[in-house]
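Each chain carries a letter (A, B, C and D) given by its place in the written order, and its residues are counted from 1.
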Amino acid sequence: MPEVAQREVTFAQAIREALAEEMRRDATVCILGEDVAEAGTPFKVLSGLVEEFGKDRVLDTPISEAGFTGMAVGAAMTGLRPVVDIMFGDFITLTMDQMVNQAAKVHYMSGGRWKVPMVMRTTLGATRRSAAQHSQSLHAWFSHVPGLKVVLPSTPYDAKGLLKTAIRDENPVVFFEDKMMYKLKGPVPTEEYTIPLGVADIKREGNDITLVATSSMVQVALGASTLLEKAGISAEVIDPRTTWPLDEKTLIDSAKKTSRVIVIDEGYGRYGVTAEIASVIAEGAFYDLDAPVKRMGAMHVPIPFSPPLEDATVPTENSVFEAARALCNRN
Amino acid sequence: MTIITERSKTTTTKAEQALRMYRQMLAIRLFEERVNDLYTRALMPGLAHLYIGEEAVAVGVCEALHKDDYITSTHRGHGHCLAKGASPDRMFAELLGKEAGYCRGKGGSMHIADPATGNLGANAIVAGSVGIATGAAFAAQRLGNGRVAVCFFGEGALGQGSLYEVMNLAQLFKLPVIYVCENNLYTEYTHFSETTAGEILNRATAFGLEAAMVDGQDVRAVHEAGSRLIERARRGEGPGFLLANTYRYTGHHVGDIAREYYRPKAEEQEWKMDRDPIKNLTKWLLEQKLADSVQLSAMESELTAEMDKAVEFAVTAPYPSPEEVEQDVYA
Amino acid sequence: MPEVAQREVTFAQAIREALAEEMRRDATVCILGEDVAEAGTPFKVLSGLVEEFGKDRVLDTPISEAGFTGMAVGAAMTGLRPVVDIMFGDFITLTMDQMVNQAAKVHYMSGGRWKVPMVMRTTLGATRRSAAQHSQSLHAWFSHVPGLKVVLPSTPYDAKGLLKTAIRDENPVVFFEDKMMYKLKGPVPTEEYTIPLGVADIKREGNDITLVATSSMVQVALGASTLLEKAGISAEVIDPRTTWPLDEKTLIDSAKKTSRVIVIDEGYGRYGVTAEIASVIAEGAFYDLDAPVKRMGAMHVPIPFSPPLEDATVPTENSVFEAARALCNRN
Amino acid sequence: MTIITERSKTTTTKAEQALRMYRQMLAIRLFEERVNDLYTRALMPGLAHLYIGEEAVAVGVCEALHKDDYITSTHRGHGHCLAKGASPDRMFAELLGKEAGYCRGKGGSMHIADPATGNLGANAIVAGSVGIATGAAFAAQRLGNGRVAVCFFGEGALGQGSLYEVMNLAQLFKLPVIYVCENNLYTEYTHFSETTAGEILNRATAFGLEAAMVDGQDVRAVHEAGSRLIERARRGEGPGFLLANTYRYTGHHVGDIAREYYRPKAEEQEWKMDRDPIKNLTKWLLEQKLADSVQLSAMESELTAEMDKAVEFAVTAPYPSPEEVEQDVYA
C-alpha cells in the first residue's frame, strides 16, 4: 500500500478503531462482556468506547459467558449486531453450546429464515505465564464447525480491516486475538478500508520454502525467514488470515512454487489447524512437493506456568528456522 | 417501528377470547393426534414429542402476545408454534422433511422457526433457547419496538445453569422477557422431584424476577397470569417467570409406550379425566352459555377438515432436492 | 480369535457387560447421568444395571451436564471411578469447561499430584433423522486436548474390551459410541479380556489401498472393501480405535504397503479427525504414496433433518467404493 | 478409612483457637505482602491476586475443618491454601515456577494443589471448581469417610450457571459440601451490584440449601457460622452456603493500581481502618486478656522470619529442567 496515507497504530488500537467506526456507522452494533465498559477490558483494548457510545451500547455483564453469548445470538436474530468479548480464549469452553448448537446452526436449521450476525472476540496465545487455563489457542474447535467463520489477524492492518468485515458479516464470526500482540505497532491506512474473509495474505515472497503461519506465528515465521535469508534460503510467508473460509488456492499455489512447506500455528498440533492446512496442501500440491509438509504447533501438553517450561511449548523463530533448514537439506 | 397488534385488537369480549382459545387448544390437540398417526404409520422420520395435555399453557400465554412478539420453544414445540400462529400445513410438511415446510425440511419437528409469527425456533437442546429469548428481549428493549419475548421450556430445563445466568442478566437489564416453565412432572423418564431440589418459584424470585404459579390446565388462569407478567414486562418493569403445572398425556415421544416403570397409569387417567384443559374450558363455556355444543362440534368438524387437508398437503409435498443440502449454511 | 469361546452380543450389550463387570470388580465405579437408572438410558444401553448395583451406584441426575461432569471430576480425584453418561454427543458442548479446563489439566497442573480416573460415555453419528443438534460427531475436539484420551469402538468386541480398559485408566477418557450401532451384533469372548488404548486394529488385510476408518465408518469401509474386491481391488481396512493415543505406526506401515489411502470418519472433514490422520500418513509414508491421501467425512453443513438431505451428508459404502476405485485409477 | 482429626483434637480452649486463627491470619497477610514485593521486583511471573483483607474468611472456615477434609480455591487462593495447612516455602516456590513448588512449577499461583492438606486445587476459571468440590463431597459420602468439602469462590462466581447446577445436585444427594461465597464487592473492576440481581442468599435457599451470612472481617463469627454448616453437612444433613462479606484491600491483581474509576479510595480506607480482621481480633484478644501485645509481637517476628526464610528458599530454588514439560500429561 505505498501510495496510501498511513498511520502507525497498535494492534489494540486497530481493534478499538474498527469497533468505533462500525459503531458510528451502524447503531445496532453493541458490545457485551465482562469489564468492557469503564475498565475497557483487562487488556485495555476497549478503552474509551463506553465514553463515546455510552453504557447502553458497551455493556458490562456478570461473569456469565454462556448467558451473554446466548443473549447475543438472540439479539443478532432480532435486529442487533452484538460483539461479545470473551476475555480469554480458554473460556470459550463455556460458550460452546451457544456458539455451536445455536449460533452456527440457526440459519441452516431454519431453512435460511433467521440469521445470526454476531461477532465473538476472544484471545489466544501462550508465553504470558498465565498457566494452563489462560493460555490456550482453541480456534481449531470453531474452525471445525460449519456455520461459523474464524478470523486470526496477525497485524494491526489485518485486525482492523478484518474486524470491520466480521461485524458486517451476516453470520457468526469468531475473532481470535493474540494477547501478546496488543502492543505490536503497524501501519494502517488513514482512509476507511475492509478486508474480505477468506483471502490469504502473502506476508513475504520467497522461492525455496513456504511458511504458512497464523496469528501469533506470523511474526515468528517472518523472523525465521530473516534468519533463513542469511542462510541463503528464500522463504515465502503466507498468512491465511481466516481458517474458515480457507483460501486453499493461495496456499497450494505457493506450495507448488516452493515445493516445501511448514505450517505453523500456536494451537495444539494434534487434531489442530496445522493438520487441516497440511492435508489441504499435501493433497493439492501432491505432485510438486519435495518433502513432507511439516507441522509446528504447541506441544501436546497443558501449558505449564514455569517460564522455562512454558517457553519450550511454542514454536520460536529459531525452531522454525532449524526446521526449515532441515527441510531444505542445508545444515 | 410499529407494533402489530391486530390479534389483540380483535379481542372485543371475554367470550370471543375464550372461544378463540378453545379453538386454538383444539387445533393443537387435533394436530398432535395426526402427528401420532403419521409417526405410527412410519411416515414421520425422527422422533415426535407430543404436546397433548399441555395445550392450555401455550394457548393461554400466546393469547396475551402480539403477532410480532417473540417466542422460543422446545423439542415439545408444536403447541407453541401453532398458538403463535403457524399454519398446520407447513408444519406438517416440516415434520415430514418436505421442501414446503417452515424450514424447507432442514429443521424437522424440533426446529420449527418462523419469522412471520415471531417464532425464534424450537430447540432440541434442553434450555438451549433461554439465551436466545433473553437476547430477543434485549434487542426489543434497545430498538424500542415494544416487543416482548416468551421463553417456553419444560421443568427439566431448571437443571441447566444457563437459565440462571440469563435470569440474572434479564433482571439486571430489566428485559421484557417471560420465562414460562411447563412443569409436566417428568423429564424423559424421571419424576421432577428426583431432579429438582427446593421450590421452583424461589429459583426465579432469588434473582429478583416477578414470579407466579398457575394451574396449567386452566387456560383462562394461564392467560390471566401470563398477561399480567407480559404487560408488566412490556411496560419496562422487568422479566417474569410463570410456572405452569401441567401434564403430558402420552409418552416422552410417541415410541415411549411402556411407561409404568416411571409413572402409574392411574396418574395419567386422573389428569386426562379430571384436569383436561379442553374439557375444562368446554364445561365453562357451556355453563356460562358462551357456546353450545352444536357450535363446538361444528368448530371441531371444521378444524378436523383443516387438519386433514394439511396432512394431505404435507404427505404429497415433494422432498427438497439433494443440492439443497449445501444451501443456507451461511447467510 | 478362533480358539476362544465366543458369544454373540449386541454393541449395547457389550457396553453393559463391560460396565457390569467393572462395577463388580471395583466398588468405586459408579454411573452418573440422565435417565440412566430405571430407564437405562433412552437407548436402553444400561438396562438392568440399577437392578444389580442399586441407586447408589447408578444415579439419575438432573439435566445438568456441566454440573454432573464437574462432580465426576471431583469424585475421580477423591476415590471414585465415575462413568458419566452424556446422552447425545452434541451435548458435550455443555461439558467442555469441565472436561478441558478441569479434567484434562488437573494431573499436569498439580505436578502429577492429583489424578482424574473418569470416563465420559457419549454418542456420535447421523442418519437417525435427529437433525442438527442430535447428530454431530464432535470427537475431534477432545482429540485435540492433551490430557484426554479418546476411544471410538466399532464392534461389540472392541466396545467391551476398550471400555473396561478406559474405566481402569488413571486418566479422563472419552468414549464415543455410534448410536446407530447399538443393535449391531458380534462375537465377544466368554472369558474376560481387555484391549489396550492406542493399538489400531486391522479389520481386514489387503494390498492395493488402505481404508482408515473410525467408529461408524468401519462397517462402511468393510462394505466398500467387499465391493472393491469384486472390482479386483484388495483393500486393507484399519481402525485406529483410539484417536488419542494414536497408533501412528500401524497406519503408516499400511500406507507404505498399499501406497494409497483414504481416511474415513463421520465427523466433519474440515479441521477434523481425518485431517490429523491424513497428515500423519502423508508425512510418515511420504516417499511411498502413489496418490494424495484422500479424506472423507461429514459434509461441512449442520446435519439436516430431511432424509434425502441427511443421507447425502455422510460417506457411504458406495461413495467410499467410488473414491477408492478412482484413487486406484480403475474405472 | 480413618479420619485424621489431630488439628481439631488440639483445640482445647477457645483462647487457643483464637490465637491459632490470629497466627494463621497474620501468616497469610505476611505471605501476601511478600508476594506483592516479589511481584513488584519482577521476580514472580504471571499475575498475583492478593488475599489481603479477606484473611478471616479462609481462616475462620478452615479452622472448622479436619486435615483430610477438602477445599477448592480460586485465582485468589493463597489464603485458602495456607489456612488449610500448606507450607509457605513450597507455595512461594510454586509462585516462582520452581521445581520445589507444590506443582513442580507447572501450576503457579492460580493452581496450587496439595493432596496432603486436602487441597483439590486453586482454579483460574471463575466457578471452575464448584463441580470438583461437589464431586469430592459425593465421593466422601459414597466412601463413608466422614469428610466434607468446602468450595471457596468470589461473588463473581454467582454469575456462572454451573454453581446452580451443583447446588441442586448437592441438595438432591444431601452432599457434605459447603459453598463459601466471598463477597469482596468487586469482580475484576465492576461492583457486584452491577452484576448481581436479587438477594445472594436466596440463590442458595431456592435450592433448599442451608444458608447463612456473616461478617467476613470477624474471624470468630466466620468460624462459628462455618462450623455450624460444616458439622451439619458432616452429619449428613446436607449442603450449606456461607456468604461472607469482605473486601480486598489491594487491586484485582498487583498491577491494578489506578482503581478510582471503579471504587473510591475512601471506601478502601474505611475497610482497612475500621474493619480489618487482624486488628479486630487483636483488639478482642487484648480486651479479653487472652494475649498481650508482647506475645503478639513475638508471634509476628517469628512468622516474619519464617516467611523471609520461605522466600529465600523459593528465590534460590532451581527451575524444573526443560524435559519436565512433557511429564505428567497423563497419569
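Methods note: a residue touches a chain if its C-beta (ideal position, glycine included) is under 8 Å from a C-beta of that chain, and two chains touch if they have at least 3 such contacts.
Keep in mind the model is a prediction, meaning the values are calculated, not measured.
Student: Decide which interface, C-D or B-C, involves more C-beta pairs in contact, and give its chain pair.
Tutor: Output for the comparison: C-D.
Student: Could you find the chain whose CA centre sits the greatest distance from that of chain C?
Tutor: Result for max centroid distance from chain C is chain D.
Student: On a C-alpha centroid basis, what's the spacing between chain A and chain D, in Å?
Tutor: Centre separation, chain A to chain D: 37 Å.
Student: Using Cα averages as centroids, what's the distance between chain C and chain D in whole Å?
Tutor: The separation of the two C-alpha centroids amounts to 41 Å.
Student: Give, as an integer number of Å, the spacing between the C-alpha centres of chain C and chain A.
Tutor: Centre separation, chain A to chain C: 31 Å.
Student: Quick check on chain C: which residues sit in contact with 2+ other chains?
Tutor: Counting only residues that touch two or more other chains, chain C contributes 61-62, 64, 66-67, 90-91, 94, 97, 101, 108-109, 131-133, 146-147, 299-302, 304.
Student: Check each residue of chain D and list the ones that touch at least two other chains.
Tutor: Within chain D, the residues that touch at least two other chains are 103-107, 111, 123, 125, 128, 158-162, 165, 168, 172, 194-196, 329.
Student: List the residues on chain D that touch chain B in their complex, please.
Tutor: Counting only chain D, the residues touching chain B are 158-165, 167-168, 171-172, 194-199, 202-203, 205-209.
Student: Any idea which chain C residues touch chain A in the complex?
Tutor: 90-94, 96-97, 100-101, 104-105, 108-109, 131-133, 138, 140-141, 143-147, 243-244, 267-268, 270-276, 278-279, 282-284, 286, 289, 291-295, 299-302, 304
Student: For the complex, which residues does chain D have touching chain A?
Tutor: Spelled out, the residues of chain D in touch with chain A are 45-47, 97-98, 103-111, 123-128, 156-161, 187-190, 194-196, 261-262, 319-320, 322, 324-326, 329.
Student: Spell out the residues on chain D that touch chain C in their complex, using ranges where they run on.
Tutor: Interface residues on chain D, with respect to chain C: 70, 72, 101-107, 111, 113-115, 120-121, 123, 125, 128-140, 142-143, 145, 149, 161-162, 165-166, 168-169, 172-173, 327-331.
Student: Sort out for me which residues of chain A touch chain D in the complex.
Tutor: Residues in contact with chain D: 34-35, 38-39, 42, 60-64, 66-67, 90-91, 94, 128-134, 299-302, 304-309, 312-313.
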